[in-house]
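In what follows, structures are represented as structure tokens.
Both complexes shown next keep chain A, but they swap its partner, so chain B is in the first and chain C is in the second.
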Partner chain A sequence: MAEAAAVPGGSLPHGQGSALRRMLANRRVVLGGAVLLFFALAAVFAPLIAPHDPVEQDLLLQYAPPVWADRAEPGYLFGTDNLGRDILSRLIYGAQIALFVAVTAAAAAGLLGTALGLLAGYLGGWVDTVISRLVEIWMAFPAVLLSIVLVAVMGTGLHSVIIAIAAIDWTRFCRVVRAETMAQKQQDYVASAVTVGLGRMHILWREILPNVLPLLIVLFTLEMGIAVIVEAILSYVNLSLASDFPTWGTMIADGRKYVNQAPWLMILPILCVIALVLALNALGDGLKDVLDPVMRK
Partner chain B sequence: MSAARIPPAGTPGGSILSVRNLHLAIAGRRRHTPILRDVSLDIAPGEVHGLVGESGAGKTMIGKVILGIQPSRARITGGSVLFDGADITHLSERERRRLMGRGLGLIPQDPMTSLNPAYRIGGQIADVLRLHLGMNRTAARARTLELLHDVHIREPERVLRQYPHELSGGMRQRVSIAIAFACRPKLIVADEPTTALDVTVQRQVLALIKQMQAQEGASILFVTHDLGVVAKICDRVTVLHGGRVLEAGDTRRIVEASQHEYTRALMAATPRHDRPGDLLQPVPETLTARLDEEALAYDAAYAAAGTHDG
Partner chain C sequence: MSWSFLLRRLLLAIPTLFGVAAIVFVLLRVVPGDPIAMLIGPGATERDIAELRRLYGLDESIALQFVYYLQDLAGGNFGTSISMRQDVMELVLGRLPVTIELCLVAMLVAVGLGGAMAVAGAYWRGRPGEAAVDGAAGFILAIPDFLWALLFILFVVVFALDGLPISGRIGHDVGFRGATGFLLIESLLRLRFDAFGSVLLHTVLPAFALALPLAAIIARVLKTSIAEAMTQDYILMARVKGFSRARIVCREALRNALVPTVTLTGVQFTFLVGGTVLVEKIFSYPGIGNMAIDAVINRDLPLIQGLVLTFAVLFIAINLLVDMSYALLNPRMRHG
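What follows is the complex of A and B.
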């Protein structure tokens, strides 16, 4: 509290302009954000920028090496795979799938976990007991096993992957949001809201939630990173999309078979996964630093 | 000390607030811990009523019971709180909400944490006006500006658009005061509204509360541990120790001719602005120990009386 008083007015978060300024001053936010933006633009404009159809095969053009190698094929920047498909185009469409899964899965996990976490933290009592027990039981299952079982039951496909990730990781949101809600509930502004006659649900959604929001943004970003990895793993073990769809995980799995003739088939999608995940983690950690003073006054 | 309930003194009809023989305990695993013991106090319309006592006396708890925000483990084990003649200790959530704002208000202790950090000042005041007075946007904005002007905030148009963290402690407390008075409540609970502020700001805020109170004609329950402050702005005062009322009466009489040893000790422990050179004497431990013993004896008698009744 003394800390907040010591900071000169105007340069603090929540005045929207100044929050943006603080973010731009944070190296991890800027770097992570730039890489994320790069992949996001590639994903959104994939049909415009991809030089080839990602699933079009050209059996006369197998294993064309990337431009930096000898015998590179003009027009195929990163070369082609065992079926003569353009790697660059496949990576671009792979970004589309990776980010789509990341956003929807993190949103689904976040929505479910946040709603339950808010209710548990705010209402307490038996609601809290039930939700907290559920989280504990849920977390007792090994995550990877659970996801494989879920996808096996629901059948392979993007929707199963998204549901599996949300079904596993809502607990992450739930625990953190519950704790934060309990902390916020103790704040005097909540008592003040009661004394001016605001209703319980109004206080939860309109007074407390906005103060939990900075934390949610951080969690969401980190969860996107996790979703990218899980999607890659599930498509690697062939539980995601059919293999002619260009997901990074499938590309890694396919590339593994030809790692001796054409190592770039495996290395390039691995680099994409690593770059995107690192970017999301950096962004999340950076945002945590930037937004923290808001959360902890 | 007898556990028999003292019949209500005075006429609750003439009071805006009447706390009658209030008993409150915190529910524990094994037993209930008594916090308030047979507390009675009356506040007339337009009266500023001081509630003084050392830390842990139960001052804040009384304020919370009046506002209906006592902790969930706190049980009212006896007595009542009459507001405008009606008992408000067991209101439904809906009835309670209707009472807040236009009936009751709060000036909180710590202006640093009592405003919502996520919203602009203007919105926080306007929300209250729209909720209780059904004002539209334009009317609420006009009234908000008027209120900010009333609490002596310079450049109210600018402050309207600022977030709480952009204001100083004194400014925020002025905003809290504006919110408390926004719907012209009949009674405001002010729980140590100046302790979190700098000394110079304290005096201004105190004067402001008094001025707003006189202007709006509200009653105030003024919680403090500082008899000096009480002497300045309170009409009447209740002295509390260990959850028991030791003495109550006109401020003047209490300050100049207190009947109770503890009040006199409390006064000797309070710095006086008119005699700054005086040596302060802490309240003697033998006295507080004796009062604590009396409280325990009271608990035993009250419990016994409860068993006989039931």
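What follows is the complex of A and C.
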């Protein structure tokens, strides 16, 4: 039954190999994946590839321009900031924080939202009413303002940022998973599982969840992009990590302050955020095409 | 549209607002930091602190504080801002027109730009023009308003576009103080075109930053609806009559494609309003969004509560307007 359940469309079961091949044939998946891999490698090997200490200040070397400008300082490819810190090294370590927040926050939001969405969609009745009402109230808040309030309440720091993102964006997962669960519930395989006498939690966990999984992968990828933006926003308003720590958002905020003297401070962190977000969006959209059985036909 | 429909929607807004008020209230009461400690200098005695706690009602239990808070809200009293020592309602109402004007300008930009993109895409259907419109919409949508705002600032600085201001709402050299906060409308009515131009120039960049994502969404949805409308019989009829393609797209198909777009635009407009929080901060634009961030940084509980509630009321009002306009546009909905 598990095999039959894996193919809601009803066609032949696909092997792992063919799914992978379809992904590699999708331009958006490959391109988005490549950029993501680039940032992931930079993050993992940051201590090896960063030319300088990202927090080391050198007040004799303030505002050194990047290599393409006149008066560039040798050894500082992208120049230095207002405290003489190496921008390239800060960007590399910034990738570490951006990706760490993206993965953990998206996972936390996904877990919470999926659990509630599955329950609401499958159980229906008052459980559905309570959860749906909660989602509605939650979405009446401006997300940015709510995240800022949450972090202000919990105190600054990475864990607050992650909890804030999860506490706000679980609704995205919840709504989609709820709708999908309701649709899956109408399928024959669920009816037969009920007939065979399988328990409700067993059906939800072992039969329905695997069928919702492709959708979850897509949502997770897109949520990572959102988390990168929210982290940048929170560090921009100085609510993420302490300001000497290299996050892209802090670098953008510093750049905004000195934009008239040194516009290059802002350019590269903004480009990094945009590149990573575009890559995650492309990857998510591409995966949607590859994994969604309805879209595929 | 019937009065009972309107009444029902208004009544439904009450539990939502209550929920928002309750959540914000409880959230803010578990703040580890003490707002009173930030309020007074280091020389304060225990008694001063207790006195202030009593003044702001912080010495009662949380449940009792909430009851008092609701009573005050029902009477239109939002409390007193701790950081600015002014009535919250007055502070918010003073800044609200700024944000409303900014959002309306942004909305106009979004509808104009998105509508133009949609019509162009529908007109060039199946040709490279359509692909260009799709690509542009996808790219615009992938970048949030916050980053567009920063990109605009970079653009202005790097290309030395000194004519476009990147902070504030009106030039310092323009001696214009409106009686209302609606400077754009008021300066126009009083024929102060110098002030109108100055405010408009200051509004261009934040409005575009807010408008771009919405414009892309409008372009996508409207283009799809026009394409759907183009398959209908009356379009065939218009073709048989020999109307030009431009006329068919703009006059016949566009009108019938509007309903789904209006609904979606309304929902997305709430995101635009939420975006003012950061965009106003980035451009030092003196609206309620900018105020909200300062309130959070200062831990000004009454002001945060007032602002979050204001945003929630705005969101509910927008959704209500959307439902009403939907009912007006679509006759079948009028007796729903």
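Keep in mind that, in the parts below, the second predicted complex is superposed on the first by the 279 of 297 C-alpha atoms of A that agree within 3 Å, B and C clash if a C-alpha of one lies under 4 Å from a C-alpha of the other, contacts with A are read in each partner's own complex, and residues count from 1 in each chain.
The criterion applied here is as follows: contacts are C-beta pairs under 8 Å (C-beta built on N, C-alpha and C of every residue); 3 or more make two chains touch, one makes a residue touch a chain.
Every value quoted in this text rests on a predicted model; they were computed, and no experiment measured them.
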Touched partner set for A:60, first chain B, second chain C, both or neither: neither
Which superposed partner A:278 touches (first chain B, second chain C, both, neither): second
Which superposed partner A:48 touches (first chain B, second chain C, both, neither): neither
First, second, both or neither for A:263, with chain B first and chain C second: second
Partner chain(s) touched by A:233 [first = chain B, second = chain C, both, neither]: second
First, second, both or neither for A:191, with chain B first and chain C second: first
Touched partner set for A:144, first chain B, second chain C, both or neither: second
Overlap of the chain B and chain C footprints on chain A, listed as residue numbers: none
Contact set on chain A toward chain C in their complex: 136-137, 140-146, 148-150, 152-153, 155, 229, 232-233, 236-239, 252, 256, 259-260, 263, 266-267, 270, 273-274, 277-278, 281
Touching residues on chain A, where the partner in the complex is chain B: 1, 4-5, 7, 9-10, 12, 14-15, 124, 187-189, 191-200, 207, 210-211, 213, 294, 297
Contact footprint of chain A on chain B as seen in their complex: 67-69, 72, 93, 96-101, 104-106, 108-110, 112-119, 127-128, 131-132, 162-163, 165-169, 176, 179
Of chain C, residues touching chain A in the complex: 16, 19-20, 23-24, 27-28, 30-33, 142-144, 146-147, 150-151, 153-154, 157-158, 270, 273-275, 277-278, 281-282, 289, 292-293, 296-297, 299, 304, 307-308, 311-312, 315-316
